[in-house]
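Lettered A, B, C and D in written order, each chain numbered from 1.
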C-alpha cells in the first residue's frame, strides 16, 4: 500500500470515528471543515512554500456567498456552495496574483494586509454582510432526498465532501502540477531556469487553495446558520495557519491531525478555563522550539521508537519516513 | 624560521550535507604572505570562512597566536586580530566611506583612518560618498582599509583583484606591497598567478577540500607539472 | 476648516503610527524577523502606563517607566527565546511571535480584566485649545510635539551615532558586521528592545486618547504592518512618511466616510504595492 | 561553416548592476553544431553573460537573437522551450528531490503548461520520465536514480547539474564551469562528456581548465573586465599577442602553452 492511500484510509477512519467519540455533531463537523481549510493552507505552505496569512479571506467569503445566495435567491444548496467555491478561487487568484509580486516576509505581510482589507470591507458594508452581527438566519435546505436538518445528518454530508476533497487534494499533490510545486518550493530559481513559469504555478495553487477554503467557509456558515464577521477576520487566518503548522507540513493528512487537535483541544480547554488562549500561545512556542515537524512528525518519531525493526528499514531508504 | 601565527589542523567543514572541507591543514608564520590556490569550488573560500568562524569546523582545530579558536563566534575571532576581507568585499552600501571605516576602527590598531587614507588616497577623495557608489576597485580598497583599521594581526584576502581592470590591479598590488612591508602576515586567495608572483612567499593548493600541494614560491614557479595538474593552466 | 482640524489630528495619529511602526521596520531590517508580537508591546505599554497611573504614580513617571519596562521585557524575551529561532524559517518566527502575542493578550485580561479602562491626561494638559472653530485637546498637541522631538532624537541615533551605523550596516550583512569584531547578538538585543520600547511608548502615549482595551494590540499590529509595507521595510524615513500619510488619510476620511476610513487605508496600501512594490522609500 | 547563420547571437550586449557595469558591448555569434568556450579570469563577466543569454538577468542594452528570433526581453522560463538550456557554476539542484525527479522536471520544463494540469498524474512511461532515464544512463548516474540530490557526492552533483541542462533536449546548451570543484579524475570524464554533447548539441561553456578548452573547442572567446578581448580558434587565441600579454601580464590563471 502506498503512502497516499494509507493517508486516505487514515482520513476515512477519522471521518467515521469522530461520531463515536464526540457528543456534538457540530464540533465533529467543525473538525472536518477546518481539516479541509488546513489542507488547503498546507497546499500553499507545505507544497509551494507560500505562507499565506490570508486564508480567512476565502473562508469568510465562502460563508458570505453561501449565506447571501440562500437568503436572497431561490437557488438550491448545491449551487450556493458552488458559488462559494468559485468566489473562493477567483478572489484567491487575485490575492495570489498581487501577493506573489513580493517574496518571503513581504509576501506574508501582503497576505495579512489583504486579510485586513477584506475584513474591513465586510465590516464597512454592513447592509450586505450584517457587519458585527454577522449574516443571520442562513437556512440549511435539503439536497434532493438528503435531509440535512439534524446535526449528525449534516455531519454525514460534510464527511462525504471532506473525503472527496481530501482525495482530490491528494491527487493534486501527487500530480505533475503538485510535484512541480514541490520543486518550486525547493529551488524557485532553478524551477524558472528549467522552463517553469513559476508565477502561474503559484497562482494556480492559490486558486485551488482558495476554492477549497471557500467551500469550507460555506459549510461552516451552513453549520452554524450564521456567516459571522469572525469568519473573515485576522484570527480566522491565524487559526487556519496554526492548525496547519501544528499538524505538520509534510503531507495532507498532517493537516487533518492539526485541525482535529486544535478544534478539540480548544473546545476542551475553553470549557475549563476561559483564558485557555494563554496555553495555546505557550504551545505555539513549544512547537516552534521542539516540534518543528508538527504532530505528524511527533507521531512518526513515536512509531519509530516503538518499532525498532522499522528503524533499519527506514535507514535503507534515506529521506523516507515510516508511514 | 619565524613563529607560527595561524595553524589549521585537519579541519572538516560542511554546508548542509555537503562535505566541503575534508581535512585542511595549513599554517601561516609571522611576516609571511601565503597564497591559497585551487580551482573554483576547491574549498578556498570555505577554508578562510572556517578560520574566521563563519563556517564552524565540524572537526579539526584552528589555533591563532597560541589560542585555540575553533568553535568561537566570528566577532570573537575578529577581536583577536584575524581579519577577513571576503570575496564580495562586504562594503556597506548604505554607509559612507568614512562610516564604513569608523565602525571598524579600533584605538589599538597600528593603522588610523588617516593612515589608511595615505595608503589609499582615492578613499579620502570619496570619504563622503556612499559605499554603494564606489567602483569595484575602490570598494576593494575600502574593504582592505577597513580590515587595517580593525587592528589585524593577520589579514585574509579572498580574491582581492577579481574582476578589476589591469590598471586597478596594479594599483592594489602596489598597495598590498606597502602593507606587506609593515610586516603583517597575509593569507591570500588568488587565481591570478602574476599577482601571486609579486606578493607570495609560499603557496598551498587545494583540491576537493584538501591541501594537495605546499611549497615555496620558487619551487612552485618552477613546477610546471603541479601547476598544470591542479590548476589546469596549460593546454595539451 | 474641518480639514485643517482633521489634518492636525491626522498628524498626531500619524506620529503615533510612526512610533509604533518604526521599531517593527528596524527590527525587520536588521534581523529579517517578522515580529507578530509587536502589537503586544504596544498593548503592554498602554496597560502598564494605565496601571501605574491608576495606582497613583505621576503621569510623567508612568509615561517614562512603562516603555522602559516593555523594553526590558523585550530584551529578556530576545535573549531567552528569540535568538534561538532566528536561523529557522519564517514560519517559526511567526508561530513563536503569534504565540507570544496571544500570551500577552491573555495575561492582560487576567491581570486587568476584559473590559479596559480610561486614562486621564495630566492636570497640566487636560485643557483644550481652539483651532479656529474646533476644540482641540492640549494633550494631543503635546503628543504631536513630543513625538516630533522623539523622531528627531531617533534620527540622530540612527544616522549620527556608531550604534546607528552598526544597525544600518547590519541590515545589509550581519556576517560582515561580525567579521569586524562587533558582537551582533548584543546589537540585535538592543535594537529589539528599542523597537519594542518605542511600540510601548506609542501605547502609553495613546492610552489617554483612546483608552485601553485588551484587543488594541491586534489592531496596532495591522496598522504597523500597513505603515511598514507602504513606507518600505527597514526604512526610517519610510515609516515616518507612511505613518503620517496613514494617520492623515484616516483622519480626513473620518469626516468624509467614517465607516470606510480603515478600509481606505488598506486600499491605499494595495495601490502602493501595485505601483511601487518596494514601498515609498524601501530599498531592494 | 562560417557561412552558416548563428544559432545564438548577442549584439552590443550590456548588463548593469546598479552603478556596476558587469558586461559591456559584448557581441558574440555562436555557430550551430560547434563547441564554443568562454574563458577569462574570475569576475570577467562570463557568468553574467550566461545570465543575460538565458534570461536570468535582463540586458540593460543590446540585443539577443536565438535562431534569428529576438529573445532579448523574454524571461528565462520562456527561452527554454525555444531550445536553450543551461547549468550553473554553483550547483543549483532540487536538493530534496530524487535524481530521477530532478531530471524529469528538467525534461518537463520544455512543455511546462502540461504540468499545470492538477489532475494529470506522473506516468512512469511518460516522455519526461523516459528522457530522465536516458540522461541518467548517458551521465552514468543511474545507480543513484532514487537518491535525494542533496545527498550525492560533489562529483555526482556536478554531473546531475549538467544533466539538468541536457534533459531539456536543447539545441544550444550552456555549461557554466562544469568542472568547478571537481577532482582530477572527474575532470577527464567531464571533458569526454562535453565532447560527446558536442555531437548532438551546440555547446557554449565557461571553463578555467585550459586542457579542456584548447582540446575540444572549435571557437574560444576570451573575456576581460566585462568585455570580449579576443575571439577565434584555439590556435589563433593561443598565439594572439594581446592574449599572450594578458595572460603573462597579469590577467589569467597562468600561461597558455
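Convention: a contact is a pair of C-beta atoms (placed from the backbone, for glycine too) under 8 Å apart; a residue touches a chain by one contact, two chains touch by 3 or more.
Computed from a predicted model, the values in this text were never measured in an experiment.
Enquirer: If we define chain centres by averaging CA atoms, which chain lands farthest from chain A? Would you check?
Expert: So the chain farthest away from chain A turns out to be B.
Enquirer: More C-beta contacts across A-D or across B-C?
Expert: A-D
Enquirer: Round to the nearest whole Å and give the separation of the Cα centres of chain C and chain D.
Expert: 50
Enquirer: Where the CA atoms of chain A average out and where those of chain B average out, how many Å apart are those spots?
Expert: 52
Enquirer: Averaging only over C-alpha atoms, locate the centres of chain B and chain C and give their separation in whole Å.
Expert: Computed value for the inter-centroid distance: 43 Å.
Enquirer: Tell me, which residues of chain B touch at least two other chains?
Expert: As it turns out, chain B has no residue touching two or more other chains.
Enquirer: Quick check on chain D: which residues sit in contact with 2+ other chains?
Expert: Within chain D, residues 95, 151 contact more than one other chain.
Enquirer: What's the contact topology between the chains, one of line, ring, star, complete, other?
Expert: ring
Enquirer: For this structure, give each pair of chains that are touching.
Expert: Listed by label, chains in contact pair as A-C, A-D, B-C, B-D.
Enquirer: Per the contact definition, I'd like the list of chain D residues that touch chain B in the complex.
Expert: Its residues touching chain B are 18-20, 41-45, 89, 95, 150-151, 154, 177, 179-184, 187, 208-215, 225-226, 234, 238, 248-257.
Enquirer: Touching chain D in the complex: which residues of chain B?
Expert: Within the complex, chain B touches chain D at residues 16-18, 39-43, 132-133, 135-136, 159, 162-166, 169-170, 173, 191-195, 207-208, 227-236.
Enquirer: Which chain C residues qualify as touching chain B in the complex?
Expert: Residues 162, 165-166, 168-169, 171-173, 175-184, 283.
Enquirer: Quick one: in the complex, what on chain A touches chain C?
Expert: 45, 51, 53, 98, 101-102, 104-106, 108-110, 112-114, 116-117, 120-121, 123-124, 126, 234, 238, 241-242, 245, 249, 275, 277-278, 280-285, 287-289, 292
Enquirer: Under the touch definition given earlier, write down the residues of chain C that touch chain A in their complex.
Expert: 28, 32, 34, 81, 84-85, 88, 90-92, 94-96, 98-103, 105-107, 109-110, 218, 222, 225-226, 228-229, 233, 259-260, 262-263, 266-267, 269-270, 273-274, 277
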